[in-house]
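My structure is below; once you've seen it, I'll send some questions.
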Amino acid sequence: MISKEIMQILSVSEIASETVEMVLRNEYISEQAIPGQFLHILIDGHTLRRPISIADINRESKTVTILFKIIGDGTKTLAGFKEGMEIDVLGPSGNGFLIEEQDSVVLLIGGGIGVPPMYYLARTMVKKGKKVIAVLGFQSKSHVFYEEKFKELGETIVVTNDGSYGERGFVTDILGKIGSFDTYYSCGPVPMLRAVTNELQGRRGFISIEERMGCGVGACLACVIPATDEKGYKKICSDGPVFDAREVTL
Amino acid sequence: MISKEIMQILSVSEIASETVEMVLRNEYISEQAIPGQFLHILIDGHTLRRPISIADINRESKTVTILFKIIGDGTKTLAGFKEGMEIDVLGPSGNGFLIEEQDSVVLLIGGGIGVPPMYYLARTMVKKGKKVIAVLGFQSKSHVFYEEKFKELGETIVVTNDGSYGERGFVTDILGKIGSFDTYYSCGPVPMLRAVTNELQGRRGFISIEERMGCGVGACLACVIPATDEKGYKKICSDGPVFDAREVTL
Amino acid sequence: MNKLAVELPGLSLKNPIMPASGCFGFGREYSDFYDLSKLGAVIMKAATGERRLGNPTPRVAETNSGMLNAIGLQNPGVEAIIREEVPFLAQYNTNIIANIAGSTIEEYEEVALAFNDTEDVQALELNISCPNVKEGGIQFGTDPMMAARVTEVVKKASNLPVYVKLSPNVSNIVEMAQAVEAAGADGLSMINTLTGMQIHLPTRTPLLANKTGGLSGSAIKPIAIRMIYEVKQHVSIPIIGMGGVSTAEDVVEFLLAGASGVAVGTANFTNPFVCSDIIDELPRTLKKYGFDSVKEVIGKAVTLA
Amino acid sequence: MNKLAVELPGLSLKNPIMPASGCFGFGREYSDFYDLSKLGAVIMKAATGERRLGNPTPRVAETNSGMLNAIGLQNPGVEAIIREEVPFLAQYNTNIIANIAGSTIEEYEEVALAFNDTEDVQALELNISCPNVKEGGIQFGTDPMMAARVTEVVKKASNLPVYVKLSPNVSNIVEMAQAVEAAGADGLSMINTLTGMQIHLPTRTPLLANKTGGLSGSAIKPIAIRMIYEVKQHVSIPIIGMGGVSTAEDVVEFLLAGASGVAVGTANFTNPFVCSDIIDELPRTLKKYGFDSVKEVIGKAVTLA
């Protein structure tokens, strides 16, 4: 269940161009969170909280890792926070990825700042004995992060839009070259998700979607997405952010 | 001339109930400021700057001391600032006290948070060889500050409204008992200044007045006070905050 | 004696605090954070005749000390609300206020009638001011004749007290208030959001899909206070005040300006416990400013015009 | 070619940035901070027929992301301004816009006429919207007929282009804009402040001596952007935009919404260098969002209604 928690900042480091890794300590979140869930972070002076995915969890050290890109005022302020400071979060929020017990190979496709939730998912998959293939897309070489960490977990293909590192192009350009897999999981900007779900139409897949949020808990209806069910919509913050690729309309 | 300066915070300490002493370092301000002038301090997240009097200057160490009471959000935030941080100020602002070269005894009357500018004035007077008599009014014992420092400079009488320390009552209650003096100087809340100027009517005196400010530089006309001259008003931020007790109408 | 209690038409409030319409859904989500029985009342998300899916996204944008929203009255329709949401809220020991909206006077009437059959709703908040509905909402809210007309119809249809929720996007708020008072309103609710816009620089277009949205949050508090103060001088029906409330001090400010109840909207997003925190803090804050009870604060700052 | 240049009726602006009326006095104080020749123009504090001493203090209050002011049009009177202030500003290589106000149409006319005799003023900004003058200002600003009438009179009296400064405290800003356009306005200036109030809890009364004041600062930016965007769709005269501008990005947002010039008010109090800083920053900001010049940004976000 979502709780309002105070998290201690253990470290803040810029691990790629405008991309910050922050390690936070909090017992409740570290015990509860599953891959695909996010934290809804209060940043002083801002009316709305910022949703940031959980990129990793360590239950022993009770730590939670987040990775975020500096986009606007909120993430800029957050990036300036120092070790020892505390942040107020709601979490763990959202539903998280469904892991199909019978799967043996999974394909993870992350784009830019959609890569972080894929890491915790990859670690969890490997722990469950599944083979992971990761396709990670970035703008350019300076934006690449976590490549080594993914490589430790399985086959990892890095794609950059400008070809400055790894393969050139979009993640979808190389999906054809991927071997067989049971289920795919994807997180990234909506145009990428649209391309991915198109490319992999008919395959079982789960996608994590971003939208601007108000409450982050399912009360305000800011973050809806059209759905194919009777209600006609889903709330990204509480029904998602992860959806079966077939149940929502991008 | 007023300049926009960055000042380093050297120390922050609570020296009396809700009263904070802050020592700041800045060469320009420490060289330029005279008693009675103030700093117009920017506090992040606030549209309007906060005017705070200069309580002391040390030209050798290039430091400026301010003393302020925690009143609302702005002063509360300022009180939370730590050694090593920097603040953006406009200063030195305002006109400062006129010191009459021929005077030999001056009476300084400070009330509450009107005490700070009296200290730098007292130090300057003593340096110029004048005798200083200080009457300092506070709400109660826990609010008293700088008594010892004033005592080092001259006769000092502390008055508390509730009689919990020193004399009981208002500063005006004991003005009758003061020996002869040439000029008086006063700073404090408007009702106190009104009482003081009434009590000392006809005497040469200078008073420092508070008003809510917009620009702090004389441009917006937020801080006017009716005056007896042809223009009909004075701007506290730039014509003041110090006025000849006879030229303004309280 | 409960020092926080207030009596309003149809509402015996244990305290003046209630979440504002649209900022608390139907309470379910916030019931995970604290016991809703603590609240003076809950104002539900707007109900319309039929289900509405609202506007395309993005529907919210952040602004300095506030936010814009263009949800577009998304709701499951009045029947579903009465069937599925009211019973949930009725479990709690609080008052339920139904916010009703429509595109036509007939729709308002239909929604008002539907609430007559439920025993668990204590009052209606008549939303004539939602800026995000194109078909009619905005005209009702800025034209005193139209506002009076819809108030009359709803009053006639309903067996519940009706609080008319005023739009701040008007030249003369007193005229609007007087028009709906004359038309039979039992109370006023003010203010709704101010129409605003944010332009997204990278795409060079309005950020919200709906282009404009309603500005809420502490940015608008001075406007809310001014309007309540002005209206309080000219009407005798009670006012539920709102617009940027996030602390117990804000609540005292609204009460002083003339509000008898205080709704909290946007601040729930910043802090889901805000209503609960304010209720805990209010007795101390009243005392700090020399008051013994909420009742004695109401309208204290207002001098008759 | 100067990429920041804009041409407006009567004004050849080297850049679109100008301090807003009332927030920069007559420039003297800020000339200590930087060279005023850097500015596109300076809009002077309001001029009235006779000297005015304005409202009692306190005249300002801080609000979240903004402030309230009730200066009350204090100024030395139009003759003294022409004699003592205009010559000072005329030393600088910038444009001078005179903001004119009055309690009666005759006073507006008198002030407008007085500026005909000075060569150093390039345009008038007709302030029909100051919420702090009881005698008439507010009615002029919220009634399209009155606004048109005063615009006509001033246009007839003056040999200068007239920019009518609109009040945001209206139900229908487009109607106001169209009324003054039809009456001959050469341009619009928008927005003035929104009427607000703050109550001082310890004294239980409105903090400002005048009770209400005008809300300015970044809190109102979304309202300004919305109004400019709406008006731009319906008028063909240029707009000088203002309301909460404090960064070069804000300037681009106002230009996209349809402003051709941008005034900066309250932000001068926070940072006396703000206009100068924005002018330095603007070329980089234009480039960041893919623009080559100010001119091409104007109205880019606006789709015709």
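The letters A, B, C and D name the chains in turn, as written, and every chain counts its residues from 1.
Rule of thumb we're sticking to: a contact is a pair of C-beta atoms (placed from the backbone, for glycine too) under 8 Å apart; a residue touches a chain by one contact, two chains touch by 3 or more.
By chain, UniProt protein names: A, B = Dihydroorotate dehydrogenase B (NAD(+)), electron transfer subunit; C, D = Dihydroorotate dehydrogenase.
This structure is a prediction, so every number in the text was calculated from the model and none was measured.
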item: Set of chains adjacent to chain B and to chain D; value: none
item: Required steps from chain A to chain D (each step between touching chains, minimum); value: 2
item: Most distant chain from chain D by Cα centroid; value: A
item: Chain centre separation in whole Å, for chain B relative to chain A (CA means); value: 56
item: Separation of mean Cα positions, chain D and chain C [Å, integer]; value: 34
item: Chain centre separation (chain B, chain C; CA means) in Å; value: 46
item: Whole-Å gap separating chain A and chain C, where each centre is the average of the chain's CA atoms; value: 36
item: For chain A, residues that touch 2 or more chains besides their own; value: none
item: Shared-contact residues (touching 2 or more other chains) in chain C; value: 63, 65-66, 218
item: Chain C partner contacts - residues on chain D that touch it in the complex; value: 63-66, 68, 142, 169-172, 194-199, 201-202, 204-206, 211-212, 215, 218-223, 225-226, 229, 244, 249, 252-253, 256-257, 289, 300-301
item: Complex contact set, residues of chain A against chain C; value: 1-2, 4, 42, 46-49, 74, 90, 211-226, 231-233, 238
item: Chain B partner contacts - residues on chain D that touch it in the complex; value: 22-25, 28-30, 32-33, 45, 51, 53-54, 57-63, 65-67, 69, 71, 74, 76, 217-218, 266, 268-273
